[in-house]
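Next come two complexes built around chain A: one with chain B, the other with chain C.
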Partner chain A sequence: MSAVTPVTATYLESLLAGQAQLAASPLAWLNTLRAAAVERVGVLTVPTLRDEDWRFTDISLLTKMSFHPLRTAINLQAADIERFHIAEAATRLVFVDGVFAPQLSNIDINSGVLVSNLAAGGAACAAHLGRHAEFHNNVFAALNTAFLHDGALIVVPRNISVATPIHLLFIATQKDVASYPRCLLLAESGSAVTLIEDYVALQEEAYFTNAVTEIVLADSARVNHVRVQREGAQGFHIANCAVSLARTSNYQSVSVALGARISRYNLNVQMAEGAECAVDGLALISERQLADTHTCIDHAQPHGVSRQLHKCIVGGSAHAVFNGKIMVRQGAQHTDSQQSSRTLLLTGRAQIDTKPQLEIFADDVKCTHGATVGQLDSEEVFYLQSRGLSDTAARNMLTYAFGAEIIDRIPITSLKQQLEQTVLEQTASQL
Partner chain B sequence: MIYPGSKTILEVRGLCASVSGTEILKGLDLTVKSGEVHAIMGPNGSGKSTFSKVLAGHSAYQVTAGSVLLEGKNLLDLPPEERARAGVFLAFQYPIEIPGVANSQFLRLTYNTVQTQRGKEELDPLEFDDFVREKMKLLEMSPDFLDRSVNEGFSGGEKKRNEILQMALLEPRLAILDETDSGLDIDALRIVSQGVNKLANKDNAMVLVTHYQRLLNYIVPDFVHVMDDGRIVKTGGKELALELEARGYDWVGAKHRGAAPKVVAKVAA
Partner chain C sequence: MSAVLQNLVNQPYKHGFVTDIESDVAPKGLSEDTIRMISAKKNEPEWLLEFRLKAYQQWLKMTEPTWPNVKYPKIDFQAISYYAAPKQKPKLKSMDEVDPELLRTFEKLGVPMHERAVLAGVAVDVIFDSVSVATTYKHKLAEVGIIFGSFSEAVHEHPELVKKYLGTVVPVGDNYYAALNSAVFTDGSFCFIPKGVKCPMDLSTYFRINTQESGQFERTLIIAEEGASVSYLEGCTAPRFDTNQLHAAVVELIALDNADIKYSTVQNWYAGDENGIGGIFNFVTKRGLAKGVNSRISWTQVETGSAITWKYPSVVLQGENSVGEFYSVAVTNHHQQADTGTKMIHLGKNTRSTIVSKGISAGHSNNSYRGLVKIAPTAAGARNYSQCDSMLIGDQSGAHTFPYIQVRNNSAKVEHEASTSKIGEDQLFYFAQRGIDAEAAVSMIINGFCKDVFQQLPLEFAVEASNLLSFKLEGSIG
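On to the complex of A and B.
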């Protein structure tokens, strides 16, 4: 790492301001973890276009603004957030500007799963928190860890299948605030759970969400992870998610990025022997939005199976970035990996940087990848027009269909319908 | 059927059209009156599909001369969707697959759009579902095709039935069926033909583009035209089709234009 430049030092210092006021936790290990993270923030710098991992993603806008930690929590009423409810989810944890809001949350005690605020976490927490989402070389993960206080802790005991999804709702309500959502999901062996990570806003001005999620699957566990980033139009969203799969476990994820002025999602999936994952994504952006998805699926052991379909619909003068790294380590024989990236550019000014990155060190593997970038098919548009649909209606329908392929993979009907409606409205407004 | 005193639905005069600088239609004349069924035959590459797509308003084809009137209105001024709303329907020779768009949703949206434009009532999803299922029965189509993406993975014959289903829903004034019979098995040919016959009445007109007499056993044409090199070069009654089947095209002066590679325009999205 290069030396800390004055600009970023000021910036990081300003972000860190207030960290010292954070009340010490009664948990000694948590204080130690925070301190280690604070130290890393002091060493690391904010990435720029010169960093390989950020070469397409200009976040200088973020660094030009100053954000502070939450000072006064807003007291939301249940009615304020009703429209974000997901009918199927019996358990809902709500965090307002990063702070746990028990009065808005609902924990289904009959589900067999342990759901609580991280701040009350015990030993299970200590063994995993900060161990999967590494912050040593990641300044945003380090910042999040430095501010560790509230967060979602979910422990699914052995062989328990949780019937209904667990909804984590992160609501941004205040301008200029930096919040640090955090989630740790431990799925014990043979368990199964569906987790919805949902980022929304109740205001339209600039703020900063810097989230970290860690998901740990023990042997044969199954996790469905649905991530919806629908931040406010001026929001900044940077998130790191680390998933660790033990033997023959199965991780299915669909992440949808719709909001934020600038967003970046890093997803890191570690695969043990015989593990399977499906990692799908959709970015639907317009105007001057930037949405970056960086994923890494790391096949460290044999017989892993990974599937990935990432789609971007880019309108206006928006800019999408997708970097999909597939790592197949030596000894990870019989890995079966497929990756596909498909992008629809709706305007001449829309931009995509898409890059598959295969690093294969085993010889007996099946790895395929492909990327397409295109406009709407004029023959398809004509076909719809010849049936009476206007040019606009035809284009809307095709754009919607392109995105619906990903949304259809969300296993929660009401959320799927909500998002389909959003996609429909968003495509209609851009064409 | 020819009805005395019926009004003209389509009037094409001296139509010339080109695609990427190559002239394909070279002065085509055709008059179609309400109630009539016309068949257009002709060698591969003679311009039959081009003519169909020009009528439907495909933007890849430039009309360089001539006129096309639909019920007295200048069709060439209208974008494709307005032609469809005015009553033009083209059953494509190669129906396009549209992954991700449910057939039911597509059919309902097109139906309601056209109904609204014609000043009629829309149907809500439930009403439409009943309505479309009735129409599907007519074509012996399984309702399963409603839940699938438009034409995606449909067999050749299934695609053609889906085209006729759309025609049944949109109730066009002028239907152009471009080789709807090709790819149909014997039963499907009968079913589709019966469907078309049910839809034909004294207020609309059908133009069938076909290579084979057998379709015309089911849907009996009032006129048979031979197209060659971008023009109608011969017109006769239904017996002309039999004669063409027996004697080929040479005797009418039409030539087979070699087997130029056929490209189905389809750009990967």
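On to the complex of A and C.
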């Protein structure tokens, strides 16, 4: 990290300002965890372009603004958020500006899954919370941990398959508020669950979402993780997600980034023996948006399989960043890993910085990665025109198809349709 | 002793070059005085001294880079002696006196008899008059107007050319080691191909190898004027032993309109022993400027030596339709570390670049490809294709890929692919079935793996390079 400069130090202090008012939790371990995080915030600094991990993502805009923790909660009515409902999801937890809203939430008690607010968490919670999403060297994760109070806790018991997806809805309603969504999913051995993390906004002013998600898969567990980031146009979104896979477990994730002025998503996947993961992503941005995705898939043990396809559709003078690291540690033999980064630049001012990265310390492995950057193929456009489509319609269709490859991987029909519609509208407005 | 030396170096330069070996080594340490001393010793013009001092000032403000994926003990820059007059090595009288280990290496590599003598440091005129050969070549080159010689000669004979181009591709403050080199470089090669001349032969530092040691801070400057073309070979396949641990060279290439420069390197410096003790640190800045329209710069490298290799031969594609190429084979064994790759900076319209990189790591070594493809907003229609493949031999080695792709123009097309593989048991079994032993099989597989790069090397170099590879990896399988 770069040297402490007064600007960032006071900035972090201002962000921490409300932390002291946070009521001490009756749980001693939670208080200790928060205190440890506060201490790290004091030591760390806000990353700048001089930090390798933030080389292409300039967040100075964020540091120029002042955000405060939530002071007064807005009382939302069920009707206000109806349009965000996902039909298939029987269980829905709603957080308004980071605060749990039980009156808007719905917990399906028949699903066999334990869903509750983190604040009521028990021993399982203590053993995992803050243990996977490392905050020692990550100032944003540390800030989130310092403010840990509400959050989603999902425990899927042994050998239970949850039939319907669990929807976590995070709504931003007030300007200048910094919210700290937190989620912990524990999938016990042999269980299966689908989780939707959904970030939306009811206003267009600047605000800051700083989220941390921890997902723990026990032996042979299966987790489908769908993440939709559709924050407001002036919002800032920084999220850290840590996934820990045990033997032969399976993690499938699709993350879609559509909103926010500046967004950053760090995904760390820790692989155990025979574990499998598919980590896919789509960033569809325009105007002056910046969307950054950093992923790290760490094959620490043998026989792991990982697949990754990350796509960016960049319009306006937007800037997309992708850094995908695949680590194969010594002894992680027979690892099979494929990674692909594909980018479509729609305009002359659109920018992309992509870096698919392989670090391999084992010899009997199969690892490939690829990256392409380009615009729509003129021959493909011509082909569609020869079938009677206008130039715009042809381009629209091709752009849509490019993005749809990722959206198709979402296992929830209504969400898929919703997103496909969004992509279609956005590509249409671009061209 | 040091006081005597101090007096000696502070004296105005009176004598010719090699007098007494001891007294011609500068005291350790780097300061403005050392630089003035080097410049005075070489009888350099004022502008070159200024160039050096400017570089030194910049260097003072810089810090050592820590981003490469290599580990080494901190270098004490004040413990290095920055100037040693070219030494006269004691000449050996015949091949019988040459170290048998060296002869064994020559045998393996298939180095021609007369070259072995030159390389081993046998007084060449006894066996083979390579000096006269070199002179004949020089005459032939002079006829078509090509200037090829040592950097120091060029400074005196063609100061206007050196002054015009020196530091234009790699500015003095480019990076830590380039700044250091600019401040203290002692010698190197200079090559100038005038307008419209196609160089009639491959130019090589080969012929200069023992008559003059270029030292640890080497400087190379190659200029191809409009329509000129040249193929330049650096280094040789024979192992090169050197007492200097730190090497920080700078190579600058300039190609004007329709010019074509092909630069091939085979590097096999001392890599340290099996336990990673000793070996050379090779921190090199190589960059070409494809300045003119339709110009082309091509780098080919076979990196097998050095304890640490840290170099990124780059091309700045400024002219319209200019072409940049990078073909590399990097082999690491035992405890060697290599962090190498290229930078292709596309500035001009319709510029094209190709990157083919093959990394082989064995033993406890680490091999990284680090590349940058940058498409500037002005580079409409730019095109890049990169391919980097790694091969791991043994489970203690590491292979890494760090490709940076930065695109600022949507009419550009950039493709990158990378793969990692090993020599499979099934492949070796197939060879064994056909009566080919494991060693020969590995050699063949590796040659196949590196074929795309070897094809770019001049013929006799290619043969030696492929032998060199199997020699380097000897005993690492089975």
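By definition in this document, the second predicted complex is superposed on the first by the 428 of 431 C-alpha atoms of A that agree within 3 Å, B and C clash if a C-alpha of one lies under 4 Å from a C-alpha of the other, contacts with A are read in each partner's own complex, and residues count from 1 in each chain.
FYI, contacts are C-beta pairs under 8 Å (C-beta built on N, C-alpha and C of every residue); 3 or more make two chains touch, one makes a residue touch a chain.
Bear in mind that the values here come from a model prediction, so they are computed numbers and not experimental data.
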Fit or clash between chain C and chain B when superposed on chain A:
fit
First, second, both or neither for A:Thr354, with chain B first and chain C second
second
Mind working out whether A:Leu398 is in touch with chain B, chain C, both or neither, as first, second, both or neither?
first
Look at A:Glu425 in the shared chain and tell me whether it touches chain B only, chain C only, both, or neither; answer first, second, both or neither.
neither
For A:Asp364, is the partner it touches chain B (first), chain C (second), both, or none of the two (neither)?
second
Counting only touches as set out at the top, which of chain B and chain C does A:Gly374 meet: first, second, both, neither?
both
Which of chain B and chain C A:Phe382 touches, first, second, both or neither
first
Would you sort A:Ser390 into first (chain B), second (chain C), both or neither based on which partner it touches?
first
Looking only at chain A, is it chain B or chain C that touches more of its residues?
C
After fitting on chain A: smallest Cα gap, chain B-chain C, Å
8
Chain A positions touched by chain B in one structure and by chain C in the second:
372, 374-375
Chain A residues touching chain B - in the complex, by the definition given at the top
342, 344, 372, 374-380, 382-391, 393-394, 397-398, 400-402, 404-405
Hey, which residues of chain C end up touching chain A in the complex?
67, 375, 377, 390, 392-422
Residue numbers on chain B that touch chain A, as the complex places them:
56-60, 79-81, 83-85, 89-90, 92, 95-96, 98-101, 106, 109-110, 113-114, 117, 149, 166, 170, 265-269
In the complex, chain A touches chain C at residues 52, 56, 330-331, 333, 343, 345-375
